[in-house]
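Once you scroll down, you'll see the structures, which are given as C-alpha coordinates.
You will see chain A twice below: alongside chain B first, and alongside chain C after that.
Take a look at the complex of A and B:
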(Lines of atoms letter the chains of each structure in order from A and count residues from 1; the text may use other names and numbers.)
(Lines give C-alpha, C1' and ligand atoms only; values in the text may rest on other atoms or scores of the structure.)
Protein backbone atom coordinates (compact mmCIF):
# COMPACT_ATOMS: atom_id res chain seq x y z
CA UNK A 1 0.00 0.00 0.00
CA UNK A 2 1.27 3.45 -0.87
CA UNK A 3 2.30 5.72 1.99
CA UNK A 4 0.61 9.04 2.63
CA UNK A 5 3.50 10.85 0.94
CA UNK A 6 2.98 9.34 -2.50
CA UNK A 7 -0.73 8.56 -2.49
CA UNK A 8 -3.21 10.68 -4.42
CA UNK A 9 -5.85 12.35 -2.26
CA UNK A 10 -9.21 13.70 -3.28
CA UNK A 11 -11.53 16.05 -1.44
CA UNK A 12 -15.28 15.61 -1.54
CA UNK A 13 -17.06 17.90 -4.01
CA UNK A 14 -17.41 21.45 -2.60
CA UNK A 15 -21.13 21.06 -1.89
CA UNK A 16 -20.45 18.06 0.37
CA UNK A 17 -19.14 20.35 3.07
CA UNK A 18 -20.78 23.28 4.85
CA UNK A 19 -18.23 25.47 6.56
CA UNK A 20 -18.98 28.13 9.16
CA UNK A 21 -16.26 30.18 10.83
CA UNK A 22 -16.63 30.28 14.61
CA UNK A 23 -13.73 32.63 15.23
CA UNK A 24 -10.62 30.63 16.04
CA UNK A 25 -12.11 27.39 14.74
CA UNK A 26 -14.32 26.35 11.86
CA UNK A 27 -17.37 24.14 12.13
CA UNK A 28 -17.74 21.74 9.22
CA UNK A 29 -20.90 19.83 8.42
CA UNK A 30 -20.12 16.85 6.22
CA UNK A 31 -23.28 16.11 4.26
CA UNK A 32 -22.44 12.57 3.11
CA UNK A 33 -21.90 11.37 6.70
CA UNK A 34 -24.03 13.86 8.64
CA UNK A 35 -21.06 14.40 10.95
CA UNK A 36 -19.98 17.73 12.44
CA UNK A 37 -16.27 18.48 12.69
CA UNK A 38 -14.56 21.32 14.49
CA UNK A 39 -11.25 22.13 12.89
CA UNK A 40 -8.53 24.72 13.31
CA UNK A 41 -5.91 25.95 10.85
CA UNK A 42 -4.38 24.47 8.76
CA UNK A 43 -7.20 21.97 8.14
CA UNK A 44 -9.62 24.33 6.31
CA UNK A 45 -6.73 25.58 4.18
CA UNK A 46 -5.70 22.02 3.30
CA UNK A 47 -9.26 21.16 2.30
CA UNK A 48 -9.52 24.28 0.15
CA UNK A 49 -6.25 23.57 -1.58
CA UNK A 50 -7.25 19.96 -2.18
CA UNK A 51 -10.59 21.08 -3.62
CA UNK A 52 -8.67 22.38 -6.66
CA UNK A 53 -8.23 18.75 -7.69
CA UNK A 54 -6.85 15.40 -6.56
CA UNK A 55 -3.14 15.38 -5.92
CA UNK A 56 -0.38 13.97 -3.74
CA UNK A 57 1.03 15.49 -0.57
CA UNK A 58 4.05 17.07 -2.26
CA UNK A 59 1.99 18.83 -4.88
CA UNK A 60 -0.53 19.88 -2.27
CA UNK A 61 2.34 21.33 -0.26
CA UNK A 62 3.34 23.42 -3.28
CA UNK A 63 -0.25 24.68 -3.62
CA UNK A 64 -0.29 25.71 0.03
CA UNK A 65 3.17 27.27 -0.23
CA UNK A 66 2.00 29.37 -3.19
CA UNK A 67 -1.16 30.50 -1.36
CA UNK A 68 0.41 31.36 1.93
CA UNK A 69 3.85 32.46 0.73
CA UNK A 70 5.60 29.74 2.68
CA UNK A 71 9.33 29.48 2.17
CA UNK A 72 10.00 27.05 -0.66
CA UNK A 73 11.05 23.62 0.44
CA UNK A 74 10.30 23.99 4.14
CA UNK A 75 11.71 20.76 5.47
CA UNK A 76 8.99 20.01 7.99
CA UNK A 77 6.01 20.89 5.79
CA UNK A 78 5.68 17.60 3.96
CA UNK A 79 5.63 15.21 6.96
CA UNK A 80 3.19 17.48 8.79
CA UNK A 81 0.96 17.67 5.73
CA UNK A 82 1.06 13.89 5.30
CA UNK A 83 0.02 13.49 8.95
CA UNK A 84 -2.90 15.95 8.55
CA UNK A 85 -4.02 14.15 5.38
CA UNK A 86 -4.00 10.83 7.20
CA UNK A 87 -6.13 12.36 9.97
CA UNK A 88 -8.56 13.84 7.47
CA UNK A 89 -8.77 10.50 5.73
CA UNK A 90 -9.62 8.84 9.05
CA UNK A 91 -12.37 11.44 9.58
CA UNK A 92 -13.76 10.74 6.12
CA UNK A 93 -13.12 14.28 4.89
CA UNK A 94 -10.59 13.28 2.22
CA UNK A 95 -10.31 10.07 0.27
CA UNK A 96 -7.33 8.23 -1.12
CA UNK A 97 -7.64 7.41 -4.80
CA UNK A 98 -7.84 3.61 -5.01
CA UNK A 99 -4.78 1.92 -6.43
CA UNK A 100 -3.15 5.07 -7.75
CA UNK A 101 0.25 6.13 -6.61
CA UNK A 102 3.00 8.07 -8.24
CA UNK B 1 -55.34 3.90 31.58
CA UNK B 2 -57.66 4.55 34.50
CA UNK B 3 -56.77 8.20 34.90
CA UNK B 4 -55.56 10.60 32.22
CA UNK B 5 -55.07 14.25 31.40
CA UNK B 6 -54.17 16.18 28.25
CA UNK B 7 -51.59 18.94 28.61
CA UNK B 8 -50.08 21.58 26.32
CA UNK B 9 -46.71 23.11 27.14
CA UNK B 10 -45.34 25.53 24.56
CA UNK B 11 -45.70 23.88 21.14
CA UNK B 12 -45.94 20.33 22.54
CA UNK B 13 -48.99 18.36 23.66
CA UNK B 14 -49.03 15.39 25.99
CA UNK B 15 -51.38 12.74 27.23
CA UNK B 16 -50.41 11.60 30.70
CA UNK B 17 -52.09 8.41 31.82
CA UNK B 18 -51.77 6.91 35.27
CA UNK B 19 -52.81 3.78 37.11
CA UNK B 20 -53.35 6.01 40.15
CA UNK B 21 -55.54 9.03 40.61
CA UNK B 22 -53.30 11.25 42.77
CA UNK B 23 -50.64 12.26 40.20
CA UNK B 24 -53.34 13.22 37.68
CA UNK B 25 -55.22 15.27 40.27
CA UNK B 26 -52.00 17.13 41.10
CA UNK B 27 -51.29 17.77 37.41
CA UNK B 28 -54.89 18.97 36.94
CA UNK B 29 -54.47 21.54 39.69
CA UNK B 30 -51.01 22.77 38.69
CA UNK B 31 -51.75 22.93 34.94
CA UNK B 32 -55.20 24.52 35.41
CA UNK B 33 -54.03 27.79 33.83
CA UNK B 34 -52.61 26.11 30.69
CA UNK B 35 -54.62 25.72 27.46
CA UNK B 36 -56.90 22.70 27.67
CA UNK B 37 -56.14 19.66 25.54
CA UNK B 38 -58.74 16.93 25.13
CA UNK B 39 -56.66 13.82 24.41
CA UNK B 40 -59.76 12.02 23.11
CA UNK B 41 -60.27 14.60 20.37
CA UNK B 42 -56.72 15.64 19.60
CA UNK B 43 -53.84 13.25 19.05
CA UNK B 44 -51.08 14.48 21.36
CA UNK B 45 -47.43 14.66 20.36
CA UNK B 46 -46.45 12.34 23.18
CA UNK B 47 -47.92 9.86 25.60
CA UNK B 48 -46.58 9.32 29.12
CA UNK B 49 -47.72 6.38 31.20
CA UNK B 50 -47.33 6.03 34.94
CA UNK B 51 -47.82 2.36 35.47
CA UNK B 52 -47.15 -0.13 38.26
CA UNK B 53 -43.75 -1.80 38.06
CA UNK B 54 -45.78 -5.05 38.53
CA UNK B 55 -49.59 -5.32 38.45
CA UNK B 56 -49.91 -5.88 42.20
CA UNK B 57 -47.67 -2.87 42.88
CA UNK B 58 -50.64 -0.64 42.15
CA UNK B 59 -51.73 -1.47 45.71
CA UNK B 60 -48.76 -3.00 47.54
CA UNK B 61 -45.97 -0.48 48.20
CA UNK B 62 -47.10 1.38 45.07
CA UNK B 63 -44.19 1.81 42.67
CA UNK B 64 -44.32 3.80 39.45
CA UNK B 65 -42.65 2.84 36.22
CA UNK B 66 -42.47 5.67 33.65
CA UNK B 67 -43.57 4.49 30.21
CA UNK B 68 -44.66 6.17 27.01
CA UNK B 69 -43.57 6.76 23.43
CA UNK B 70 -39.96 7.05 24.57
CA UNK B 71 -38.58 5.54 27.73
CA UNK B 72 -35.36 4.52 29.39
CA UNK B 73 -34.90 0.82 30.03
CA UNK B 74 -32.71 1.35 33.08
CA UNK B 75 -34.94 3.91 34.82
CA UNK B 76 -35.62 2.87 38.39
CA UNK B 77 -39.24 2.71 39.57
CA UNK B 78 -40.34 5.62 41.75
CA UNK B 79 -42.52 5.84 44.84
CA UNK B 80 -46.16 6.79 44.30
CA UNK B 81 -45.63 9.79 46.57
CA UNK B 82 -43.35 11.11 43.84
CA UNK B 83 -45.95 10.59 41.12
CA UNK B 84 -45.99 14.24 40.09
CA UNK B 85 -42.23 14.13 39.64
CA UNK B 86 -42.57 10.93 37.62
CA UNK B 87 -45.07 12.62 35.32
CA UNK B 88 -42.79 15.64 34.84
CA UNK B 89 -39.79 13.40 34.22
CA UNK B 90 -41.82 11.40 31.73
CA UNK B 91 -42.78 14.55 29.83
CA UNK B 92 -39.17 15.78 29.83
CA UNK B 93 -38.05 12.42 28.54
CA UNK B 94 -40.48 12.56 25.62
CA UNK B 95 -39.16 16.00 24.67
CA UNK B 96 -35.50 15.05 25.09
CA UNK B 97 -35.78 11.86 23.06
CA UNK B 98 -38.57 12.61 20.63
CA UNK B 99 -38.86 16.30 19.76
CA UNK B 100 -37.76 17.14 16.21
CA UNK B 101 -39.46 20.42 15.32
CA UNK B 102 -36.80 22.58 16.96
CA UNK B 103 -33.23 22.25 18.11
CA UNK B 104 -33.75 21.34 21.73
CA UNK B 105 -31.30 22.96 24.13
CA UNK B 106 -31.08 21.95 27.76
CA UNK B 107 -31.37 25.57 28.86
CA UNK B 108 -33.58 28.03 30.67
CA UNK B 109 -34.73 31.20 28.95
CA UNK B 110 -36.34 34.50 29.91
CA UNK B 111 -37.62 37.36 27.78
CA UNK B 112 -38.00 41.11 28.05
CA UNK B 113 -38.97 43.58 25.28
CA UNK B 114 -39.11 40.77 22.74
CA UNK B 115 -35.52 39.62 23.30
CA UNK B 116 -34.44 36.52 25.17
CA UNK B 117 -31.60 35.47 27.43
CA UNK B 118 -30.74 31.78 27.16
CA UNK B 119 -29.13 30.28 30.27
CA UNK B 120 -27.44 26.93 29.98
CA UNK B 121 -25.19 24.86 32.17
CA UNK B 122 -24.93 21.56 33.90
CA UNK B 123 -27.38 20.40 36.50
CA UNK B 124 -26.67 22.39 39.66
CA UNK B 125 -25.40 25.47 37.82
CA UNK B 126 -28.43 27.34 39.09
CA UNK B 127 -29.95 28.17 35.72
CA UNK B 128 -33.38 26.90 36.74
CA UNK B 129 -33.40 28.87 39.99
CA UNK B 130 -32.07 32.01 38.35
CA UNK B 131 -34.66 31.82 35.57
CA UNK B 132 -37.44 31.27 38.12
CA UNK B 133 -36.31 34.30 40.12
CA UNK B 134 -36.09 36.47 37.01
CA UNK B 135 -39.57 35.23 36.12
CA UNK B 136 -40.85 36.84 39.34
CA UNK B 137 -38.93 40.08 38.75
CA UNK B 138 -40.08 41.64 35.51
CA UNK B 139 -38.98 38.99 33.06
CA UNK B 140 -41.16 36.54 31.20
CA UNK B 141 -40.09 33.02 32.08
CA UNK B 142 -39.94 31.08 28.82
CA UNK B 143 -38.79 27.87 30.42
CA UNK B 144 -36.45 26.47 33.06
CA UNK B 145 -35.45 23.23 31.31
CA UNK B 146 -35.68 23.36 27.51
CA UNK B 147 -35.18 26.21 25.06
CA UNK B 148 -36.49 25.34 21.60
CA UNK B 149 -34.43 26.93 18.84
CA UNK B 150 -36.33 27.56 15.62
CA UNK B 151 -34.61 25.83 12.69
CA UNK B 152 -35.76 28.43 10.17
CA UNK B 153 -35.60 31.85 11.81
CA UNK B 154 -33.36 31.44 14.87
CA UNK B 155 -35.99 32.46 17.43
CA UNK B 156 -36.35 30.73 20.78
CA UNK B 157 -39.70 29.13 21.53
CA UNK B 158 -40.89 28.81 25.12
CA UNK B 159 -41.44 25.55 26.96
CA UNK B 160 -42.78 26.86 30.28
CA UNK B 161 -43.42 23.59 32.08
CA UNK B 162 -43.68 23.59 35.86
CA UNK B 163 -40.39 24.85 37.30
CA UNK B 164 -38.62 22.13 39.23
CA UNK B 165 -37.07 23.72 42.33
CA UNK B 166 -34.57 21.68 44.28
CA UNK B 167 -33.35 21.74 47.88
CA UNK B 168 -32.12 25.19 48.98
CA UNK B 169 -33.66 26.97 46.02
CA UNK B 170 -37.15 25.95 47.17
CA UNK B 171 -37.20 28.42 50.06
CA UNK B 172 -35.29 31.09 48.14
CA UNK B 173 -37.77 31.19 45.27
CA UNK B 174 -41.08 30.34 46.92
CA UNK B 175 -40.91 32.59 50.01
CA UNK B 176 -43.35 35.23 48.73
CA UNK B 177 -45.50 33.06 46.47
CA UNK B 178 -49.08 31.92 47.12
CA UNK B 179 -49.56 28.19 47.86
CA UNK B 180 -51.74 27.86 44.76
CA UNK B 181 -48.65 28.24 42.58
CA UNK B 182 -46.75 25.47 44.36
CA UNK B 183 -46.89 21.71 44.16
CA UNK B 184 -46.41 19.43 47.14
CA UNK B 185 -42.92 19.27 48.60
CA UNK B 186 -41.40 15.95 47.51
CA UNK B 187 -38.68 14.80 49.89
CA UNK B 188 -36.27 11.93 49.41
CA UNK B 189 -36.16 11.94 45.59
CA UNK B 190 -33.01 10.99 43.69
CA UNK B 191 -32.17 14.72 43.57
CA UNK B 192 -33.14 15.49 47.16
CA UNK B 193 -36.20 17.63 47.88
CA UNK B 194 -38.19 18.95 44.94
CA UNK B 195 -41.06 21.37 44.74
CA UNK B 196 -42.81 22.38 41.53
CA UNK B 197 -43.67 25.99 40.78
CA UNK B 198 -46.39 27.12 38.38
CA UNK B 199 -44.88 29.86 36.17
CA UNK B 200 -46.39 33.34 36.44
CA UNK B 201 -49.67 33.83 34.49
CA UNK B 202 -47.88 35.91 31.85
CA UNK B 203 -45.47 33.03 31.12
CA UNK B 204 -48.36 30.65 30.50
CA UNK B 205 -50.54 33.08 28.54
CA UNK B 206 -47.67 33.83 26.15
CA UNK B 207 -46.28 30.29 25.93
CA UNK B 208 -46.62 30.19 22.12
CA UNK B 209 -44.81 33.49 21.64
CA UNK B 210 -41.16 33.09 20.60
CA UNK B 211 -38.43 35.68 21.11
CA UNK B 212 -35.16 36.49 19.35
CA UNK B 213 -32.17 35.44 21.47
CA UNK B 214 -29.96 38.38 22.48
CA UNK B 215 -27.62 36.87 25.07
CA UNK B 216 -26.33 33.42 25.97
CA UNK B 217 -25.22 32.90 29.57
CA UNK B 218 -23.37 30.03 31.18
CA UNK B 219 -24.17 30.70 34.84
CA UNK B 220 -22.32 28.93 37.64
CA UNK B 221 -23.64 29.16 41.18
CA UNK B 222 -21.42 29.26 44.28
CA UNK B 223 -18.33 31.00 42.91
CA UNK B 224 -16.89 34.47 43.41
CA UNK B 225 -18.48 36.92 41.00
CA UNK B 226 -16.73 36.79 37.64
CA UNK B 227 -17.55 36.98 33.98
CA UNK B 228 -15.72 35.80 30.90
CA UNK B 229 -16.50 36.08 27.21
CA UNK B 230 -17.22 32.68 25.67
CA UNK B 231 -16.02 32.44 22.08
CA UNK B 232 -18.42 31.07 19.47
CA UNK B 233 -16.42 27.87 19.08
CA UNK B 234 -16.65 27.04 22.78
CA UNK B 235 -20.33 28.01 22.87
CA UNK B 236 -20.95 25.70 19.91
CA UNK B 237 -19.27 22.74 21.59
CA UNK B 238 -21.06 23.29 24.90
CA UNK B 239 -24.44 23.67 23.22
CA UNK B 240 -24.03 20.51 21.16
CA UNK B 241 -23.46 18.79 24.51
CA UNK B 242 -26.55 20.51 25.90
CA UNK B 243 -28.78 19.34 23.04
CA UNK B 244 -30.40 15.94 22.88
CA UNK B 245 -31.47 16.18 19.24
CA UNK B 246 -28.57 18.00 17.55
CA UNK B 247 -27.33 14.88 15.78
CA UNK B 248 -30.82 13.73 14.81
CA UNK B 249 -31.59 17.05 13.12
CA UNK B 250 -28.59 16.82 10.78
CA UNK B 251 -27.81 19.88 8.66
CA UNK B 252 -30.84 21.79 9.97
CA UNK B 253 -29.44 21.53 13.50
CA UNK B 254 -25.96 22.53 12.33
CA UNK B 255 -27.38 25.58 10.57
CA UNK B 256 -29.48 26.63 13.55
CA UNK B 257 -26.69 26.20 16.08
CA UNK B 258 -23.92 27.88 14.06
CA UNK B 259 -26.25 30.81 13.39
CA UNK B 260 -27.07 31.03 17.09
CA UNK B 261 -23.47 31.07 18.33
CA UNK B 262 -22.24 33.49 15.64
CA UNK B 263 -25.05 36.00 16.25
CA UNK B 264 -25.65 35.82 19.99
CA UNK B 265 -22.94 37.09 22.38
CA UNK B 266 -22.06 34.59 25.10
CA UNK B 267 -20.73 35.03 28.62
CA UNK B 268 -19.76 32.69 31.45
CA UNK B 269 -21.18 34.17 34.65
CA UNK B 270 -19.97 32.99 38.06
CA UNK B 271 -22.02 34.19 41.01
CA UNK B 272 -22.02 33.64 44.78
CA UNK B 273 -25.78 33.94 45.37
CA UNK B 274 -29.07 34.65 43.65
CA UNK B 275 -29.16 38.37 44.37
CA UNK B 276 -25.72 38.81 42.83
CA UNK B 277 -26.81 36.86 39.75
CA UNK B 278 -29.97 38.92 39.29
CA UNK B 279 -27.99 42.15 39.67
CA UNK B 280 -25.42 40.91 37.15
CA UNK B 281 -28.09 39.98 34.61
CA UNK B 282 -29.81 43.37 35.00
CA UNK B 283 -26.49 45.18 34.59
CA UNK B 284 -25.62 43.18 31.47
CA UNK B 285 -29.06 43.84 30.02
CA UNK B 286 -28.84 47.58 30.73
CA UNK B 287 -25.46 47.63 28.98
CA UNK B 288 -26.96 45.99 25.88
CA UNK B 289 -29.93 48.31 25.54
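Take a look at the complex of A and C:
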Protein backbone atom coordinates (compact mmCIF):
# COMPACT_ATOMS: atom_id res chain seq x y z
CA UNK A 1 0.00 0.00 0.00
CA UNK A 2 2.42 2.63 -1.07
CA UNK A 3 1.17 6.19 -1.27
CA UNK A 4 1.32 9.67 0.17
CA UNK A 5 -0.41 8.47 3.32
CA UNK A 6 2.62 6.31 4.05
CA UNK A 7 4.82 9.34 4.61
CA UNK A 8 6.51 9.46 7.98
CA UNK A 9 6.35 12.70 9.96
CA UNK A 10 9.08 13.67 12.35
CA UNK A 11 9.25 16.52 14.83
CA UNK A 12 12.48 18.18 15.92
CA UNK A 13 13.92 17.02 19.24
CA UNK A 14 12.04 18.44 22.24
CA UNK A 15 14.86 20.81 23.15
CA UNK A 16 14.54 22.49 19.74
CA UNK A 17 11.26 24.03 20.79
CA UNK A 18 10.47 26.31 23.72
CA UNK A 19 6.77 26.35 24.45
CA UNK A 20 5.02 28.96 26.56
CA UNK A 21 1.29 28.76 27.13
CA UNK A 22 -0.55 32.06 26.72
CA UNK A 23 -3.94 30.60 27.50
CA UNK A 24 -5.84 29.81 24.33
CA UNK A 25 -2.68 30.33 22.31
CA UNK A 26 0.80 28.89 22.71
CA UNK A 27 4.01 30.65 21.78
CA UNK A 28 6.52 28.28 20.22
CA UNK A 29 10.10 29.44 19.88
CA UNK A 30 11.87 27.24 17.36
CA UNK A 31 15.57 27.40 18.16
CA UNK A 32 16.90 26.12 14.81
CA UNK A 33 15.10 28.81 12.79
CA UNK A 34 14.87 31.52 15.43
CA UNK A 35 11.20 31.94 14.54
CA UNK A 36 8.43 32.31 17.07
CA UNK A 37 5.03 30.91 16.17
CA UNK A 38 1.80 31.72 17.92
CA UNK A 39 -0.40 28.68 17.49
CA UNK A 40 -3.81 27.54 18.61
CA UNK A 41 -5.22 24.07 19.14
CA UNK A 42 -4.73 21.51 17.73
CA UNK A 43 -1.15 22.42 16.82
CA UNK A 44 0.47 21.99 20.26
CA UNK A 45 -1.39 18.74 20.77
CA UNK A 46 -0.23 17.38 17.42
CA UNK A 47 3.37 18.30 18.19
CA UNK A 48 3.14 16.62 21.59
CA UNK A 49 1.77 13.45 20.06
CA UNK A 50 4.48 13.50 17.40
CA UNK A 51 7.16 13.97 20.07
CA UNK A 52 6.61 10.34 21.03
CA UNK A 53 8.38 9.41 17.83
CA UNK A 54 8.18 9.65 14.04
CA UNK A 55 5.10 8.08 12.57
CA UNK A 56 2.62 8.25 9.72
CA UNK A 57 -0.57 10.27 9.74
CA UNK A 58 -2.85 7.36 10.53
CA UNK A 59 -0.81 6.30 13.54
CA UNK A 60 -0.57 9.89 14.72
CA UNK A 61 -4.34 10.11 14.49
CA UNK A 62 -4.62 7.07 16.74
CA UNK A 63 -2.27 8.66 19.27
CA UNK A 64 -4.43 11.76 19.35
CA UNK A 65 -7.61 9.73 19.61
CA UNK A 66 -6.14 7.97 22.64
CA UNK A 67 -5.51 11.29 24.37
CA UNK A 68 -8.43 13.41 23.28
CA UNK A 69 -12.07 13.24 22.44
CA UNK A 70 -11.81 14.08 18.76
CA UNK A 71 -14.58 16.25 17.43
CA UNK A 72 -13.98 15.29 13.82
CA UNK A 73 -15.95 12.58 12.13
CA UNK A 74 -14.10 9.46 11.14
CA UNK A 75 -14.06 10.44 7.49
CA UNK A 76 -12.78 13.94 8.26
CA UNK A 77 -10.07 13.02 10.70
CA UNK A 78 -7.25 12.03 8.39
CA UNK A 79 -7.77 14.82 5.83
CA UNK A 80 -7.86 17.36 8.67
CA UNK A 81 -4.75 15.93 10.26
CA UNK A 82 -2.99 15.92 6.89
CA UNK A 83 -3.84 19.60 6.47
CA UNK A 84 -2.46 20.47 9.91
CA UNK A 85 0.71 18.44 9.23
CA UNK A 86 1.17 20.28 5.94
CA UNK A 87 0.95 23.59 7.81
CA UNK A 88 3.49 22.44 10.35
CA UNK A 89 5.75 21.23 7.58
CA UNK A 90 5.53 24.63 5.91
CA UNK A 91 6.56 26.25 9.18
CA UNK A 92 9.52 23.93 9.51
CA UNK A 93 8.23 22.37 12.72
CA UNK A 94 7.63 18.98 11.16
CA UNK A 95 9.56 17.09 8.52
CA UNK A 96 8.07 14.65 6.08
CA UNK A 97 10.07 11.62 5.09
CA UNK A 98 9.28 8.91 2.60
CA UNK A 99 7.42 6.05 4.18
CA UNK A 100 9.60 3.16 5.18
CA UNK A 101 8.25 -0.15 6.38
CA UNK A 102 9.57 -0.75 9.86
CA UNK B 1 -46.01 0.27 42.29
CA UNK B 2 -43.15 1.66 44.26
CA UNK B 3 -40.64 -0.31 42.26
CA UNK B 4 -42.15 0.95 39.01
CA UNK B 5 -40.65 4.39 39.39
CA UNK B 6 -37.48 4.33 37.35
CA UNK B 7 -34.38 6.13 38.33
CA UNK B 8 -33.76 9.14 36.17
CA UNK B 9 -32.11 7.59 33.21
CA UNK B 10 -28.79 9.01 32.21
CA UNK B 11 -28.31 9.53 28.51
CA UNK B 12 -25.83 7.20 26.91
CA UNK B 13 -23.25 9.93 26.72
CA UNK B 14 -23.34 10.46 30.48
CA UNK B 15 -22.90 6.80 31.14
CA UNK B 16 -19.93 6.72 28.81
CA UNK B 17 -18.46 9.79 30.44
CA UNK B 18 -18.61 8.11 33.80
CA UNK B 19 -16.87 5.06 32.46
CA UNK B 20 -13.93 6.96 31.03
CA UNK B 21 -12.14 9.87 32.56
CA UNK B 22 -13.29 13.12 31.01
CA UNK B 23 -11.10 13.92 28.08
CA UNK B 24 -10.41 17.22 26.47
CA UNK B 25 -12.23 17.83 23.21
CA UNK B 26 -9.94 18.43 20.27
CA UNK B 27 -10.90 19.40 16.74
CA UNK B 28 -8.30 18.75 14.08
CA UNK B 29 -10.29 20.27 11.24
CA UNK B 30 -10.02 23.90 12.24
CA UNK B 31 -12.21 26.29 10.31
CA UNK B 32 -9.62 29.02 10.57
CA UNK B 33 -5.87 28.74 10.40
CA UNK B 34 -4.35 27.35 13.54
CA UNK B 35 -1.19 29.40 13.22
CA UNK B 36 -2.03 32.86 14.47
CA UNK B 37 1.19 34.46 13.40
CA UNK B 38 4.84 33.79 12.90
CA UNK B 39 7.53 36.22 13.92
CA UNK B 40 10.75 35.65 12.08
CA UNK B 41 13.94 37.29 13.19
CA UNK B 42 15.66 39.97 11.19
CA UNK B 43 13.50 39.92 8.09
CA UNK B 44 10.47 41.83 6.94
CA UNK B 45 7.37 40.40 8.50
CA UNK B 46 5.92 39.24 5.21
CA UNK B 47 5.22 35.83 6.64
CA UNK B 48 4.08 33.35 4.06
CA UNK B 49 0.93 32.83 6.06
CA UNK B 50 -0.04 36.41 5.33
CA UNK B 51 0.25 35.84 1.62
CA UNK B 52 -1.59 32.57 1.59
CA UNK B 53 -4.18 32.74 4.34
CA UNK B 54 -7.75 33.47 3.43
CA UNK B 55 -10.51 35.55 4.93
CA UNK B 56 -14.03 34.50 3.98
CA UNK B 57 -16.54 37.35 3.94
CA UNK B 58 -18.66 36.56 5.79
CA UNK B 59 -17.38 33.58 7.75
CA UNK B 60 -19.07 30.21 7.11
CA UNK B 61 -21.19 30.61 10.22
CA UNK B 62 -22.97 33.49 8.55
CA UNK B 63 -22.82 32.21 4.98
CA UNK B 64 -25.46 33.71 2.76
CA UNK B 65 -25.51 37.02 4.59
CA UNK B 66 -24.77 40.29 2.88
CA UNK B 67 -22.32 42.92 4.10
CA UNK B 68 -23.48 46.38 5.09
CA UNK B 69 -21.24 49.42 4.50
CA UNK B 70 -20.23 49.45 8.18
CA UNK B 71 -19.09 45.84 7.96
CA UNK B 72 -22.00 44.26 9.80
CA UNK B 73 -23.88 41.39 8.23
CA UNK B 74 -27.44 41.67 7.01
CA UNK B 75 -29.92 39.36 5.32
CA UNK B 76 -29.11 38.82 1.67
CA UNK B 77 -30.83 41.30 -0.55
CA UNK B 78 -31.01 44.07 2.05
CA UNK B 79 -30.90 47.40 0.29
CA UNK B 80 -27.56 49.13 0.42
CA UNK B 81 -25.59 45.99 1.25
CA UNK B 82 -23.07 44.07 -0.79
CA UNK B 83 -23.24 40.35 -1.52
CA UNK B 84 -21.33 37.96 0.73
CA UNK B 85 -19.68 34.76 -0.33
CA UNK B 86 -16.36 36.43 -1.08
CA UNK B 87 -12.95 35.13 -0.08
CA UNK B 88 -9.91 37.39 0.03
CA UNK B 89 -6.32 36.52 0.72
CA UNK B 90 -4.37 38.15 3.49
CA UNK B 91 -2.26 39.96 0.94
CA UNK B 92 -5.33 41.39 -0.82
CA UNK B 93 -6.71 42.62 2.48
CA UNK B 94 -3.37 44.11 3.43
CA UNK B 95 -3.32 46.09 0.21
CA UNK B 96 -6.91 47.12 0.81
CA UNK B 97 -6.08 48.39 4.29
CA UNK B 98 -3.37 50.51 2.71
CA UNK B 99 -5.90 52.22 0.51
CA UNK B 100 -6.32 49.91 -2.47
CA UNK B 101 -9.53 48.28 -3.54
CA UNK B 102 -10.11 44.60 -3.08
CA UNK B 103 -10.05 42.66 -6.35
CA UNK B 104 -13.23 42.95 -8.38
CA UNK B 105 -14.79 45.57 -6.16
CA UNK B 106 -15.43 49.28 -6.30
CA UNK B 107 -14.49 51.68 -3.54
CA UNK B 108 -17.64 51.45 -1.42
CA UNK B 109 -17.93 47.70 -1.77
CA UNK B 110 -14.28 47.30 -0.88
CA UNK B 111 -14.69 49.48 2.21
CA UNK B 112 -17.68 47.42 3.35
CA UNK B 113 -15.68 44.19 3.11
CA UNK B 114 -12.70 45.76 4.83
CA UNK B 115 -14.95 47.02 7.62
CA UNK B 116 -16.20 43.48 8.02
CA UNK B 117 -12.61 42.27 8.33
CA UNK B 118 -11.82 44.96 10.91
CA UNK B 119 -14.70 43.68 13.03
CA UNK B 120 -13.40 40.12 13.07
CA UNK B 121 -12.56 38.76 16.49
CA UNK B 122 -11.04 35.61 17.88
CA UNK B 123 -13.01 32.55 16.92
CA UNK B 124 -14.30 33.91 13.64
CA UNK B 125 -12.98 32.31 10.50
CA UNK B 126 -10.37 34.62 9.03
CA UNK B 127 -9.44 36.29 12.30
CA UNK B 128 -6.08 34.60 12.57
CA UNK B 129 -5.29 35.71 9.05
CA UNK B 130 -6.32 39.27 9.84
CA UNK B 131 -4.30 39.19 13.07
CA UNK B 132 -1.23 38.19 11.14
CA UNK B 133 -1.62 41.33 9.02
CA UNK B 134 -1.34 43.42 12.15
CA UNK B 135 2.25 42.43 12.82
CA UNK B 136 4.29 45.62 12.92
CA UNK B 137 6.72 45.86 10.09
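In this text, the second predicted complex is superposed on the first by the 88 of 102 C-alpha atoms of A that agree within 3 Å, B and C clash if a C-alpha of one lies under 4 Å from a C-alpha of the other, contacts with A are read in each partner's own complex, and residues count from 1 in each chain.
The rule we apply is simple: contacts are C-beta pairs under 8 Å (C-beta built on N, C-alpha and C of every residue); 3 or more make two chains touch, one makes a residue touch a chain.
These numbers come from a predicted model, not from an experiment.
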Partner chain in contact with A:31 - chain B first, chain C second, else both or neither: first
First (chain B), second (chain C), both or neither touched by A:20: first
Partner chain(s) touched by A:81 [first = chain B, second = chain C, both, neither]: second
Of chain C and chain B, partner touching more chain A residues: C
First, second, both or neither for A:91, with chain B first and chain C second: second
Chain A residues contacted in one complex by chain B, in the other by chain C: 24-25, 34, 36, 38
Residues of chain A defined as touching chain B within the complex: 18, 20-25, 27, 29, 31, 34, 36, 38
Chain A partner contacts - residues on chain C that touch it in the complex: 23-30, 33-42, 48, 122, 128
Sites on chain B touched by chain A in the complex: 231-233, 236-237, 240, 247, 250-251, 254-255, 258, 261-262
Sites on chain A touched by chain C in the complex: 24-25, 33-43, 45-46, 61, 64, 67-72, 76-77, 79-81, 83-84, 87, 90-91
